[in-house]
């Protein structure tokens, strides 16, 4: 029925599935999740700085977004891991990767969050101020919960990109799923099929994320008319 | 209850309020009328400090602040004065992500630091008063405009302010829905709430107001009892304006 | 006499104040481990076996060196670019990754003595009967990784270089007919044929002594280089090297 | 003043600047621009399919976005370049890269464009219909010009990402700027400094894009109050 | 000019229009009043086919269409009937990315295929008529609500429809700004434009309407001359409703 080559490839794919999945679950997924959470906090701070009206804060935020968006993630990781040691700062692969990815998420997502905050009608700020809330209270209780709803789709885009971008961590010695795929390729000489298998696992992860996105959109949007 | 002296407000070059003097006694209802752009909204916003006056003196209940160019008051002072007022907006501005009940509880919990239970009890009794107790668990989008505005009134009252400010509370509503909001406001006036209302509902002014103030070009042109203003306006400008309102 | 043993390094006082002057070899022995940078994706030299364990000729040689230094070998896997950057940043002490000893590299790095000599082979599609020797490359497309000296051979023979990341990709390009040939290490080719005998490719020419490979170090670590050379010499002398070489290639690859 | 190493690095950076810039201008930039334009057209078609109300079209659009967002761009390029020949379809590096990047932009940007179209108030559709316009006329003359304004910031994000993602084209033998950097690294063994130089050139390109973004935002936004 | 027979419209389960019969003669102005949710807007939208009726018969000027469940009319038929009507919305809905002039030219160029010059000339003469010629090059956001609504009227008229439909054209406007829009509408009526106007501006209905129609619960409850309806309504429901509108 199947020729030798086919049988061989099927075996390779079967044997490699668990190691790949394991790398995905122990490295790719936690790396993406941790970086995304830290990145979101950074993005929030950056977005608030951008709209703070304080020139210095705005300038710093702008500069940060400009540098990070303007240069390749791989180079940023390189600088953190191979460049900083020259300045006496030695960061391990895991924290280095988390710092790099968080900085990246922080820059891109800050633009999303800024736009989302600005999209909330001014009347909401005023209504909240008029009951006597402070800036932080208004932000936390009134504005951010509403901004969250608007920003779920673009943030989901960012998260899904991040999951795949974590493969760059291999350049700084972190063996994530893609690298495991390449290892197996090195011994089996079937890059295309391995890549397809890796892509399939990414697709699984991203499908879960898309579901989560739909769930969040529905949950956060329960108070608006469809 | 409210005392405003020589209130000036400019946006950039444009001077909008040009020396307003106004007093509102406790328990009284003052209606402000005037052409579009005359500064009615700006005046109300200066009373609860959503806009910071360029100069002048504002006092509400026990709290007073004087404004001058170059002098900045602390966030704390501003919030303290603001707490003495409640504001009801033309566009309602309910918090869309909270239920009706949560809308009315929110300020009580975050600002007045009431317990959840106390806040809920207060909220329910106010919602009952505006006839919306059974809508407690609805979201704002599920309510008609008139119902939303009544929730907004309950939300403002929950902070137990000394004064309620209304900025054209019914102008976004169909006549039918306006009726229910005006009724709630009338009840409040009769219970002795101090209120300042910007409105063009002349029947409300006639029935409820203790004083009608006509604002034009950032100044109070004329003030007096409703009869005085409506039947016997002193100024040509007032007469002309009133002639446009006759339905 | 640069082979400092453990007792010597233990004897050196207050290591934190003299850390700067302490040699890398001292540090390695103090910590009890030597860190090698390696790709882990280059069979049969440095790769992961079916159980996922890092292994291969270079890996075993490196382990043997470590043993003779009296320390553990730790492998840090990274991409080719990260390999040089990592050595620069002292993320690891040496590289064991089939790095060929070349004059330009010697400007910036030091190498151990040669531990493997590679033969370059010219690989073409099975159906290709025109190209018979390296000279036949003239004007043809050859898939080469520019970081290897194999690219130089291709260039010297007048081939147009299609740049690739690794051997696998070269084979893909060749199989897809996107290039005419690739020059590679004969040992890699043999390993590939072992794994995928059905691949329609063949070797048409071989070149002896194409390159000499060594362990690579940052400059200024003469003590360590000497110690490694000593270990290499010992393992060649006592037959350990031959055992490893025959295990992976069935022959002695040191000549 | 400078030690040998520093002098050497300065020389390397000087010598490499023009070759890098040339690769950037002849490969990176045209690849990004062409892919982005084609990708936008695809994104528009996909967004329209998603909101068409025609189940089949919606399904196809959803599937496309799901697959492309869910799998790594590198794998997609691999399949196009190394996988399709097995099916007898041989596409050269340039068209292959353009197809891959366009498909990617198409998927991500379609979500942006869909959201932008949906954000235009229904009243605009109705006002346009009420003067007798057809669906296409309404879309072209009324809705898309307004949607363009809303979608400039997220699309700029996508474009800026794309400029840097083009470096993946190296995997399918297209020698773009990053690859040139790696070549020079291969001869000079200064990856970190070369990477920083490459990053600097990307930053130049992305700065131009950010300027363009600001210009477009201002131009398309001239009819709204600030 | 307009003839509507047995018009039914449901949204899902909810039947909103329950058999409307209405005729509007050429050159006449018909005012529709009725409580919120009674179906006034839906009726107007069914006349210009922004909503497709569930069943019934609609004819405007020379074009007529009959609707039944299961029968779909072509895009072309719908656009043809729609071209006989012009619609003015409560929320103006000007095209914000076009100048005032472009707003009025747009439909002429894309739909009527007029030349740019002809369209511009027509637009300018209409803008002159609504008193906004000097605002031709402004963008909508630079206009007051009243001005925007007058542009919307010019935009609708530029298509030279047989009938103009107005859905509460002044309810989003301050009384002062409403006056200028009502004046334009009055002028149109006097020039013999056929118009159907949903409004609660009773003075307009009294002065301008040839016929007033009271809609309640998706049915025409009562129709007649303004005097008849306002001074002498037959139904209790009508009386009650009118009592809420008295200012």
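Here the chain labels run A, B, C, D and E in written order, and each chain numbers its own residues starting at 1.
Everything below uses one rule, namely that a contact is a pair of C-beta atoms (placed from the backbone, for glycine too) under 8 Å apart; a residue touches a chain by one contact, two chains touch by 3 or more.
Keep in mind it's a predicted model, so treat the numbers as computed, not measured.
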Set of chains whose contacts include both chain D and chain B: A, E
Each chain counted as touching chain A and chain E at once: B, D
Among all chain pairs, the one with the most C-beta contacts: A-D
Cα-centroid distance, chain B relative to chain C, in whole angstrom: 80
Chain centre separation in whole Å, for chain E relative to chain C (CA means): 83
Chain centre separation in whole Å, for chain B relative to chain A (CA means): 46
Averaged-CA centre spacing for the pair chain E and chain B, given as whole angstrom: 35
Where chain B touches two or more other chains, by residue: none
In chain A, residues with contacts to at least two other chains: 78, 82-83, 191-192
Sites on chain C at which at least two other chains make contact: 81-82, 85, 88-89, 169, 172
Pairwise chain contacts under the document criterion: A-B, A-C, A-D, B-E, C-D, D-E
Touch list for chain D against partner chain A, complex: 66-67, 69-76, 78-79, 82-83, 108, 111-112, 115, 153-154, 157, 160-161, 164, 167, 178, 191-192, 195-196, 198-200, 202-203, 206-207, 210
In the complex, chain D residues that touch chain C: 81-82, 85-86, 90, 170-171, 173, 175, 179, 182-183, 185-187, 189-192, 195
Residues of chain C touching chain D in the complex: 81-82, 84-85, 88-89, 104-105, 108-109, 143, 146-147, 162-165, 169, 172-173, 176-178
Chain E contact footprint on chain D (complex, rising order): 121, 123-124, 126-135, 137, 141-142, 145-146, 149, 220, 222-225
Residues on chain C engaged by chain A in the complex (per definition of touch): 40-43, 47-50, 52, 76-79, 81-82, 85-86, 88-91, 166, 168-169, 171-172, 192, 195-196, 198-199
